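Input: a single structure, listed below in structure tokens.
Per-chain residue numbering starts at 1, and chain names A, B, C and D are given in the order in which the chains are listed.
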Amino acid sequence: MTAQLLYGGAGLMLFVLGIWSFLVHEPLLRKVIALNITGAGVFHVLIAVAYRGDAAPPDPVPHALVLTGIVVAVSATALALILGARLQDSDDDA
Amino acid sequence: MTQLVLLLLFDAVLLITLLGLALAAVLSPEPRRAVMLFIAFGLWLALVWARLHAPDVALAEAAIGAGLGGALMLAAARRAARARRQDAEAEP
Amino acid sequence: MTDPTFATRPDPARAAERDRDLKLLLAVLLALLGVTMTAIYALALNAGAAPRLADLALARVPQTGVDNPVTAVLLNYRAYDTLMELAVLLAALLGIWSLGPAPAGFQRSGPVLAGMVSWVVPLLIVAGGYMLWVGGYAPGGAFQAGALLGAAGVIVRLAGDPQAGLPGEAAQRWLLVLGVLVFTLVGLGLMLFGAGFLTYPPKLAKWLILLIESAATLAIGVALAAAYVGGRPTATSPLDPRPSAQPK
Amino acid sequence: MPEPAMTAPLVLCIVLPLLGALFATALPGRAVAVGIVTALVTAAAAVALTLAVWEQGTLHLVLGGWEPALAIALRADGIATALVLMANLVALGISVYASGYFQDAIRIRSFWPLWLLLWAALNGLFLAGDLFNLYVMLELLGISAAALGALTGNREAIAANLRYLLVGLLGSITYLLGVAFLYTAHGSLDIGILAAAIAANEQLFAVDAAAMTLMISGLALKAALFPLHFWLPPAHANAPAPVSAALSALVVKAAFYLILRLWLDVFAPVTGMAAAMLLALLGSAAVLWGSWRALRAARLKLLAAYSTVAQIGYLFLFLPLLVATPEGPARDNLLAALLLMAVTHGFAKAGFFLAAGLVQTNAGHDRIDELGGTAQRLPATTFAIALAGSALIGLPPSGSFIGKWLLMQQAIATGQWWWVVVILAGTALAAAYVFRVLSRAFGLEPTPLRFITDPRAEVPALVLALVSVAVLGLASGPLWTLLGLSGADA
């Protein structure tokens, strides 16, 4: 339980850190990094909930959710960065 | 008892490093450095998840989150650096 | 996203100061939020919901056709999620393609890097195949295997091939949809035979899951490599109305 | 376990557009044909679903043959079915329109697969019975919507949709944290199981309230609830016309539907007057601000986008009334009125945007002050704008007239008269912005040659607008039956 709380709490810290950075930093790359850290925080909470000590096997359901979430996050990251690149191209043309 | 305390200490070091890497990544204004720190954060996160008996997710995070996500971001950082250089040349 | 009025504000020093104060205020508020949420999370942990779905999920693993519990959740209990997640990856890539052709690749690499690529890439592909197979009973599976394939593509592109070793556009399109297509057709086939959408008969489960995973691995690998390429395969670029998207 | 044949439409509504998207991707040369065929069969599946729910009531299907806790469920109740039917008919209209709208090969190849993926995500979202599955659907919806919105390729569209994508991601991550809290406290992701667990564990009020706050704030961002609406007008106004129609009529509504679903089904024991008042207050601000900005908008599509902000606002006004009204015919009527307004807006806004797209293509721009003579050049399109506009105002006999009427009636009955002021002010502003467009369009010009000039483009807009006014207003009774409600027919 202590480990679950400790690790989950760290996940929540990552969540708020990511949100803060998303809100205050303007450049796209920094926003994308911030969103990824926000997401990692939520995933971290789920992994912590799944952990059941070193003796019992962990809960596989949150693990699967996080795996899904990681792929979704990288998909969104890719699209956001390419949108940013096109924006930069059109600025260069202007 | 001592073992428990040692383990807790180990957990604390893992997590403080993790939070430190995340903080450094979001605070770094230089794109390439920020991405490098983010990749380090992702790899460290994978390590922490391995510690929590989540090897499947740890592998995926290292390969997809830190690896491919990082590669995509590095490409973006390169573009940002190029744009900055061009701006600097445009304004002598 | 930048407010143009910022630049013309009369006193930039005061504006910057107020900006800093705002950031600080936001940080304090979010820190409070973090502490509150941690307290609530502690409450949730102690709510007595444990072991949650863990025991049930682990108990049913022998009937799923795989031995790795995470693979059992991903490809059996919650296969529908995984199907839709593959669709998310496809949507992101189609979005990237809709934005224009791929920018030019890097310069062709020197002999040392080229030599390294020639053995790293096959190694990654073999490792991907191994990862896919091992996922049935040990850590690994379609996503990790697909990521290794994608990484092979990234390395090939870094070594100078602008298309990251991917085949032509037509083949790429089929490979991209392969994962979702096989997944959906298996699901619909089962429905047609009365088992229900994505409800595997226990005897066939192992092989159906392996079939879906193999297709998904290829699709994920191609999608990730193509996302790194960053645009439509350049064979179609003469048709593109915006040649300006090419970097100068 | 119900017969597979009976629950088949539930699966088909999601799988058919998904398959269509795959074939449109793999066979880019035939994208239009694949798209149109898919649109027809998907709409047919939605009609089949409606008939099945009409006859048997709520459909429920657990995928995979496992215990419901372990598996993902699909479910279609009256609310979901009404929205699925609306969304699929509107999407069919948009598809017909889009088959003639896009001209160059690249756009056609890009549009159809993404559009069908968006359609699959919409149906998947309306029919999902699992909170994590909803997260995946939200992401599919958000990513395909942002990609479609950027399809015009100009700088404004890319910038606006990049912002839309990022804001949407922030919203869905926040939603996901709420889901994680619920899983921690109750050990389930299934909506039905969670609803029972929340009702049975009153001591966990703090956890449930926190989860609700996180999830609803995340979704409010996606539903563009004031003041989180800032991303909507540029994203919707700069997208290609069929995409604008889909975004404004359907995608935003999906986020609102999810809020309603959580509010009514999952968090019913947790919701209270305070939360409802807050949301309704933001809704009122959205009604007034959105309508005001629509009135001041220089461009037709921007006007329509701001009008969406206002129309979503109305839907939030229902929440405090739902809290204040006890179970019974009055509450049933209120719920049906809410659905009627959402559905009417779906048809009307889609028709409005499609017509606006035609005006833009025809005139080469959509600046409202320079639209003189549109009524002569495009009489059918102008008529569609007038019809859709009257539904946006809430003139009789449109569906939103009945919706607003019941809303005001119940506001007075529960003593919350102040919402009536908001509704009347919003209605007056809506009348002003719609007539502003029409007065320009009916500028002096020679007499029209033909009522319809381009049937494939003009008919969908006209039909959608007509449905919002005539069908939904004059024949709204079946909605009550579909919802399984006892309320007196309005």
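Throughout what follows, contacts are C-beta pairs under 8 Å (C-beta built on N, C-alpha and C of every residue); 3 or more make two chains touch, one makes a residue touch a chain.
Since we're looking at a predicted model, the values are computed, not measured.
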Decide which interface, B-C or C-D, involves more C-beta pairs in contact, and give its chain pair. C-D
Distance from the CA centroid of subunit A to that of subunit D, rounded to the nearest Å? 28
Can you compute the centre-to-centre distance for subunit B and subunit C, using the mean CA position of each chain? Integer Å is fine. 18
Quick one: report the Å distance separating subunit A from subunit C, using the average Cα coordinate of each chain. 13
Can you list every residue of subunit D that touches 2 or more other chains, as numbers and ranges? 70, 132, 136, 139, 143, 146-147, 150, 158-159, 177, 183-184
Pull out every residue in subunit A that's touching 2 or more other chains. 8, 13, 15, 17, 19-20, 28, 32, 45, 49-50, 57-58, 61, 63, 65, 67-68, 70-72, 74-76, 78-79, 83-86, 90-92
Residue numbers in subunit C touching two or more further chains are 1, 37, 41, 45, 50-53, 57, 70, 77-78, 81, 85, 88, 91-92, 95, 99-100, 143, 224, 227-228, 230
In graph terms, nodes being chains and edges touches, is this line, ring, star, complete or other? other
Each pair of chains that touches, named by its two labels: A-B, A-C, A-D, B-C, C-D
In their complex, what parts of subunit A are in touch with subunit C? 1, 4-5, 8-9, 12-13, 15-17, 19-20, 23-24, 26, 45, 49-50, 52, 56-61, 63-65, 67-68, 70-72, 74-76, 78-79, 82-83, 85-86, 89-90, 92-93
Going by the contact rule set out above, which residues of subunit B touch subunit C in the complex? 55-60, 63-64, 67-68, 71-72, 75
Touching subunit D in the complex, subunit C uses residues 1, 36-37, 40-41, 43-45, 47, 49-53, 56-57, 60, 76-81, 84-85, 87-88, 90-92, 94-95, 97-100, 173-174, 176-177, 180-181, 184, 187-188, 191, 194-200, 236, 239-242
Contact set on subunit A toward subunit B in their complex: 2-3, 6-7, 10, 13-14, 17-18, 20-21, 25, 27-30, 32-34, 36-37, 40, 43-44, 47-48, 50-51, 54, 57-58, 63, 66-67, 70-71, 73-74, 77-78, 81, 84-85, 88, 91-92
If you look only at subunit D, which of its residues touch subunit A in the complex? 70, 132, 135-136, 139, 142-143, 146-147, 150, 154-155, 158-159, 161-162, 165-166, 169-170, 173, 176-177, 180, 183-184, 189
